[in-house]
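By written order: A, B, C, D and E. Residues from 1 in each chain.
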Amino acid sequence: MNPIYLEVIVVCLGITLLMVESFVSGIDKRLLAYGGIAGLGLVLAASFFIDPTLIPADARFYVADPLAIFFKRFALVATILVLVMSIDYAPVVESAIPGLGKGAGVGEFFTLPIFTCAGLMWMVSANDFISIFVSLELVTISFYVMVAYMRRSAQCLEAATKYFILGALSTGFLVYGITWIFGMTGQTSLAAIAEVLPTVPRENLMALMFGIALVLVALGFKVAAVPFQFWVPDVYQGAPTPVTAFLSVGSKAAGFVVLLRVLEPFFVLPVLQERLVLVLAVIAGATLIFGNLAALPQKNMKRLLAYSSIGHAGYLLMGVASVGAVMAGSAITFYLAAYLLMTFLAFLVLVVVSKVVGGAEIAKFNGLATRSPWLAGAMLVSMISLAGIPFTAGFLGKFLIFEAAVADGQYWLVGIGALTVACGFYYYLQVVRAMYWQPAPDDLPAIPVSLASKISMAALVLAIFVLGVYPQPILAMLG
Amino acid sequence: MTPQTAPWFILLTPLVVAAVILFFGKISKPFSAGLAIAGAAFTCVLSWWLFAMPDFTDPIRIEWIDFARLLGPESTFQFAVPIGVTIDGLSKLMLVVVTTIATLVFTYSVGYMAKEEGYSRYFAGLSLFLFSMLGIVLADNFVMMFIFWELVGVSSYILIGHYFTRDSAAEACKQAFTVNRIGDFGFMLGILTFWLVTGTVVFAELEAGIGAFPSSGWLVAACVLVFCGTVGKSAQMPLHVWLPNSMEGPTPVSSLLHAATMVAAGVYMLARIFPILLAAPGALEVIGWIGGITCFAAGLMALQQDDIKRILAYSTISQLGYMVLGIAVAPVWGVAMFHLLTHACFKCLLFLCAGSVIMGMHHEQNIWKMGAIKNKMPFTFVAMVIGGLALMGFPWITSGYYSKDLIIEWAWGVGPGWFWMAALGVLLTALYTTRLLWVVFMGGPRSEAAKKAHESPIIMVAPLIILAIPSIILGFPGIQQMFLAIDHPHDVPGWVPWMLKAFVFLGIAIVIAIYRGAPAKDPIVIPFFANRLYIDNLYAWIVRWVQDGTATASGFFDRWFVDGLCVQGGAKFTWATGFVLRFLQTGNLQAYALFFGAGVIALIYFLIAIS
Amino acid sequence: MLAFGAGVVFLRNPVSSAMCLVMAFVSLAALFVTLDAFFIGIIQILVYAGAVMVLFLFIIMLLDLKSEEARKLNVTAWIGGGVVLGGFVALLAKVLLGTPSLAALKQPLADPSLDDVRAVGFALFSDFNLPFQIVGVLLLAATVGVVLLSKKELK
Amino acid sequence: MTALSPLFYLTLLPLVTALFIMAGSNARLTARVSSVLMLVLSLVLLGSYRTAEGGFQFLSSIPVSESLGLSLSFGADGLSLAMLLLATIVTVSAVWVIPETVERANFFYACVMLISTGVIGAFASTDLLFFYAFHEVALIPTFLLIGIWGSGDRQAAAWKATIYLGLGSFVLLIGIMGLYLSGPAGMRTFDMITLREWAETGLLNPPDWVYLTLLFGFGSLVSLFPLHTWAPQAYASAPTPASMLHAGVLKKFGLYGMLRIVTPVFPEAMQTYLNLLLVLLVGNILYVGLVTIAQKRLDWMLGYSSVMHMGYIFLGIAGLNELSLSGAGVLMVAHGLSIAALFALSGALRERTGTLDFAELGGLGKSMPKLGLLFGFAAMASIGLPGFANFPGELLIFFGAMGASGGLAPGFQLNGLQITTIIAVWGVVISAVYMLRAYRKVFFGTMPERWAGLADISPVTRYSVVLLLAALMIIGFFPQLLLQYVTPSILLP
Amino acid sequence: MDAAPTLAHYLAVSGLLFAIGLAGVLLRRNILIIFMGLELMLNAANLSLVAFSRYHLTAAGMPNYDAQVLVFFIITVAAAEVAVGLAIIVALFRVRQTTHVEDLNALKF
């Protein structure tokens, strides 16, 4: 099967669901979500039967290399989990939009992620600035809508506005940067750029770098690198929780894939590589420090996860800055895979719990271990994996990243990384502390968990441990 | 039972006894006591039997640690610590002394401890002590000796601390152990030095190996370090302070451990390495001075003590000083061991008598609460006088006379300083011993208890009588030769022995003259002596200000600098940095845009700066 | 054009800003034409000056925005903004001046009878088919989103 | 595929137990039975180890990642078996002393079992990364144990210990990476046996920073001065089984790592930075010894004393010869047993009195003679009294460190190692001072009225402690028993 | 003499337009105006693109239509962005009755 059909099917699925939503009345809107999950699941299964060789090697806008295919699956899994989360979150959404009757407006909440998913899938396959631009914009614009979705909630809209303005700003920089790269190379295709780059006169390199810098700004915005991370805490906190999870995993992962792809041709020239790696390392260091340190005093779970997401971006950037080491690429990939598992697990539990306790403050988790030991256990697994305790996927991810950094001789970055890992212990264990040490407040209802959530949580916990011991499946998928 | 296996029976029986008492002691008091006494008597019999047997040269020896076996035969690395026994004249003599006195004291204890708490604990401790002491005696190498050295230390700790709920006893046992450990510090270093040079710790091989020392300085250093062990264990100056305090233990313990046997272990150890010491005259110099100073200074301290046991304790220190001096001055170890032998008998006797007095006085130990009890406790009185005379070295008829004068005569030839300290020590001995005997038994009763004093039961009196006999006869040349060989110095002027005899009589006379009436309290007060030359105070000061001071300072430093500033400060600083950093997230969109823009500028600036 | 652009930014009344924006777009279209990009110029006018600006004005009217009151001037923002802008312009100048190849003059076209609508259209539907479709999905998503966000009561 | 190593099952046993317990089985019974099983299994392993052959036995390996050279492999030589025995003995003891009154019992037992999994796994692994990973498993259970069931300022203690150890072990991880990466490219592996072979054949030439990173990484886990301040506070606050397992076994992980990896791979670097190590370990012995004297609470005193004793083991490691390294191995086992006994007893004491402040205690030997006696035994063991395993350990270390540079030659001057040894021997006095002082303050002297009616130690606790003491005495009497496992495993270059 | 405009002239104009747009974002507090500034930035990029396309002719001597296609996409995307952005602004205005950025400060630190 031609890999390109994957996206087509996903888009068709989205359109079908929209049609059903519009023209079939009186159904439970959750059916849409289940349909979406099933459809995406099928696509995921189909992704194992594709034949990448059907894509011509010189295809300009689309590659189906192992990296792309891996991240297509990644996007699919992420979207499935977002939909699972959305089902539990739907009542909150419903209450925050002006609707007539039950379930009004919820249907689109289930379908928009599917379009985003298609965007992500295209994005990871994009190997031309034009396709990068359009697929990235598809993702971004659908995120604008999703962040703003609960339009009766001032917080949500504030988050959306901030995201939108800064996102548009970064789009401006991206376009302007592409312009300059095009201007200096006459090409928009990454492969072509790599080809012509050695012939570019040296005097033009400065202007080329100007363009690269602007593109990096836009990608830095996507992956939440310092100093382009400012939107992250506010938007994560304000956005609907499933969207936050999607942002923090899907959007970031696609950003990293694009970052890797975009940087690759420019590393052809050693003079550019040296400078880029240095700047990336500085950005990585700053991101690590900012994300992890600013997370220390946080009291709100979503905001905490936002800062932690910046911190993780720092580790990933550390991997990007260590591209000199052979294992850097697979390290980043593995880290992202692990990050998906543990972040979604955290958000799943968060959605389930905050629906009952009404809020995302860490203090709301007090005594969860005695009230709902399984939920607390799942959260514990997620937190220790995020903190990087062995036998979890998070540990191996960190291990691979640091190993790449050590192999590449980025010692001071490794040093900063070690310190921030310790900070991570502190703030992740704050959650554990709340759940396990603190006494539970009385008179709270039991916490119901839907079957889909239960299955997802169990699967994620299992996956975290399995990948923590046996990373080979992921590493093998990268070929 | 062969002579080869007998030492092992001797060694292990008390250990088994101690273990059995520890686990099953609660069955009954007679069970504990009986088992302990039976064990001691068994070792005693075996010891005498062994004493009668000829020496043999192929003792059983097991390798406690053996690296040759661990690393395989091809390994060049050699290190072995055996557990073996030495059976020679020295160890056989010591075996006999230790087991015999132990048996007597064990028996005596039945009476003395009859009404005390911790009865089986007491007998378990005594058996443990006997095991450890026999280990020292039998040891054929330094490490084994050190092992048992430490074990006697701990059994001494247990027994001194028998009345552990008394604060004074609790402090005393702690002090005893700690001070001994200080001595052991040197001992251990000495052993290490010997091993470093000769590659062995076995006594027999050491003697052959001392030629390997690169310089005599190192040999002297090694010997002096080993001697530190003696200083601690045999309560020599300046580590003598623990012995008087150890009198907090039950009196039989004082008698057995802190008078007759354990404290003599130091001297025994010196005798054991005597051939090595002879090769290191510098070390003998140090040993002699320590011994001389100790026998004199301890005599001074004994003069002004009021506690019956403490007087005896200082006299023990003083006598141990003589023995140590004996090692330093004589060409054979027999001289020092001779005094050890006689001293073991008469000092044990004295302590047992003191115990009897204390029992009779209802646990009163202050001699100024006693008086005129000679008629009420006749056996005790006689026995104690015999012991006292032997201690003084009363001419011709006591064992102490022969052994002590021999050492002093040897000292004449080596150095006048040592000689005069030792000779004046004789006068001091006579003074404090007579004072003790006189105040306790003569004059008038000074308290109600003294009026109601009574003789002790037969089980306590019998050992007194048994011990009184050797206290007298052991010194007679004929009997002495049965136990050990000694040499007499040849160039001692004739007036020396007479002067010593005169000192004894002079001392007796002075005391009787002063204490003749029945003074209610000591007519002579010399605070310098009474306060033990202020050495204890000095140590207390050192412990309080130097040790505890540095400890407190270190603790403060650890808590507030290492932990407080560096660790917690670092953590707090990180947290605070995070706290400040997050204020960058002002929530204001335009500020974000501004920072964003600044980031863009910086990024462009750094990237286009390629050359 | 730059003046109009500045007007967008520095005029207080949103309506005037919007009108300036229209003028800026129109003049930009003129510049496109000078660069022989007629198709783009026309699109520029149609989409921007037409559709987008109408939308802007519509919203301004809908929200009934008054001119920005003389709120207290945020000095730090202006200083910071000035520095950033100054830095940006300086760096841009450095790049422009530091790259001699940019001083190139316009080369005449090989085929002056420019048929750029055809060329662009052909490119769009052949080579650029995939991005074009992605943009289609993008517009769909945007449409759905806008409906969701602005409809008064959702069904 | 070959059969899995029994070590694999030994590691799995506590993990499975923990899962069972969390799933709701009878915690007390399951844990007790399982702990005894573990001990039996480790004894069987010890018995079936062929000492004549030596080397690593019971090997099994499951490849995890070919590309990384990572595999879940188990295997044990004499040293690992000794440590496993220590781990299982202390586990039995720790599990059995858990009081019946403990709240959230299932969770508590599960945490204890998880710690046990971690230590056993660490000692049974021959793969460097899994060796590290197993150790980290214990981190979170410890955090929970201290935080939920601790005493005193438990929260501060839990935070400090967890973050300190987290950071320390991460530094260690970086060192491990450095070691791994200095292997020949393309063949890199985490297999410790291969790494040691490479070190011998010169294939593995890690730079010096790897040594320093490993030293400080392991050092912070072992509370090497000045990275020690987490330990006393954590031990003082942790519930008894946690302190026992942590101070007794888990802390030995770092030392085990030093013996296993650092000494065979870095003999030159160890010589280069010998003085650094010596200064630090003197800090442990002398400085921490003094700090121990200054402590005013029993639990803190024990915590600091355990820190101090680490100095001896480091001295053994610094000595870098058969004697001193064997001594270090023996002392590791001995210290683990004795400190576990001490913590078990002080925990029992705290249960009864509610305080461990010296100022409030006194004369307890009267109301609790058995506890006092056992404590006396354990205290004597810990200060290196002959008859207990600590003594041969210290003895070998002293001899080894003293003799490290060969014999005394003319013009001989003491070298740094020997001076350090002398200071270390003085440490024996220091340890006597603080231990006896503590014993005197708690069990001797006049007893305050309020403690008159206290019950003596319960039989279960008593036998748990007796188990530890018996092990100590057996090794103390017959050190060769342990040495025959430990010494041949001390691979010297 | 007044030479024909070079590429650099166009780029300078485009850069200044970009800067003006950026100024709008940085200095104005009305979200709508900020939004207009963003549009200016996109247009500036378009100008540069078209200029590059005209000055760097392809081998056939024609403008590089890749750039013009990209401009086409940018315009399309910008239009979609405007639509969504204005929708968000309207929604925000309905809830908060404001379009000033300073009023958006519920989420911080």
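Rule of thumb we're sticking to: contacts are C-beta pairs under 8 Å (C-beta built on N, C-alpha and C of every residue); 3 or more make two chains touch, one makes a residue touch a chain.
Just so we're clear, the structure is a prediction, and the values are computed from it rather than from any experiment.
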item	value
Any chain in contact with chain B as well as chain C	A, E
Most remote chain, CA-based centroid, reference being chain E	B
Farthest chain (mean CA position) relative to chain C	B
Chain nearest the global centroid, as defined over all protein CA atoms shown	D
Chain centre separation in whole Å, for chain E relative to chain D (CA means)	65
Geometric centre distance via CA averages, chain E-chain A, whole Å	27
Chain C and chain E: spacing of chain centres that average the CA atoms, whole Å	4
Between chain E and chain B, distance of the C-alpha-averaged centres to the nearest whole Å	96
Per-residue multi-chain contacts in chain C, two or more chains	74, 77, 80-81, 84-85, 88, 91-92, 94-95, 102, 128, 131, 135, 138, 142, 145-146, 149
Per-residue overlap in chain D, given as positions that touch at least 2 other chains	163
Shared interface positions of chain B, touching two or more other chains	582, 585, 587, 589-591, 593-594, 597-598, 600, 604, 608
Chain pairs that touch, as defined at the top of this document	A-B, A-C, A-D, A-E, B-C, B-D, B-E, C-E
Touching residues on chain A, where the partner in the complex is chain D	369-370, 380, 384, 387-391, 395, 399, 402-403, 406-407, 411, 414, 418-419, 421-422, 425-426, 429, 432-433, 436-437, 469-472, 475
Chain D-facing residues of chain B, complex	63-67, 69-72, 77, 79, 81, 143, 146-148, 150-151, 154, 157, 161, 164-167, 169-171, 173-174, 177-178, 181-182, 184-185, 188-189, 192-193, 195-197, 199, 212-215, 218, 547-548, 550-552, 554-556, 558, 562-563, 566-568, 571
Residues of chain A that touch chain B when the two form their complex	161-162, 165-166, 169-170, 173, 205-206, 209-210, 212-214, 216-217, 220-221, 226-228, 230-231, 233-234, 271-272, 275-276, 278-279, 282-283, 289-290, 292-298, 307, 419, 423, 426
In the complex, chain D residues that touch chain B	160, 163-164, 226, 228-230, 233, 287-288, 290-295, 321-323, 326, 363, 365-366, 380, 385-387, 391-392, 395-396, 398-399, 402-403, 407-412, 421-422, 425-426, 428-429, 432-433, 436-437, 439-440, 443-447, 478-480, 483-484, 487-488
Contacting residues of chain C [partner chain A, same complex]	91-92, 94-95, 98-102, 127-128, 130-131, 134-135, 137-138, 140-142, 144-146, 148-149, 152-155
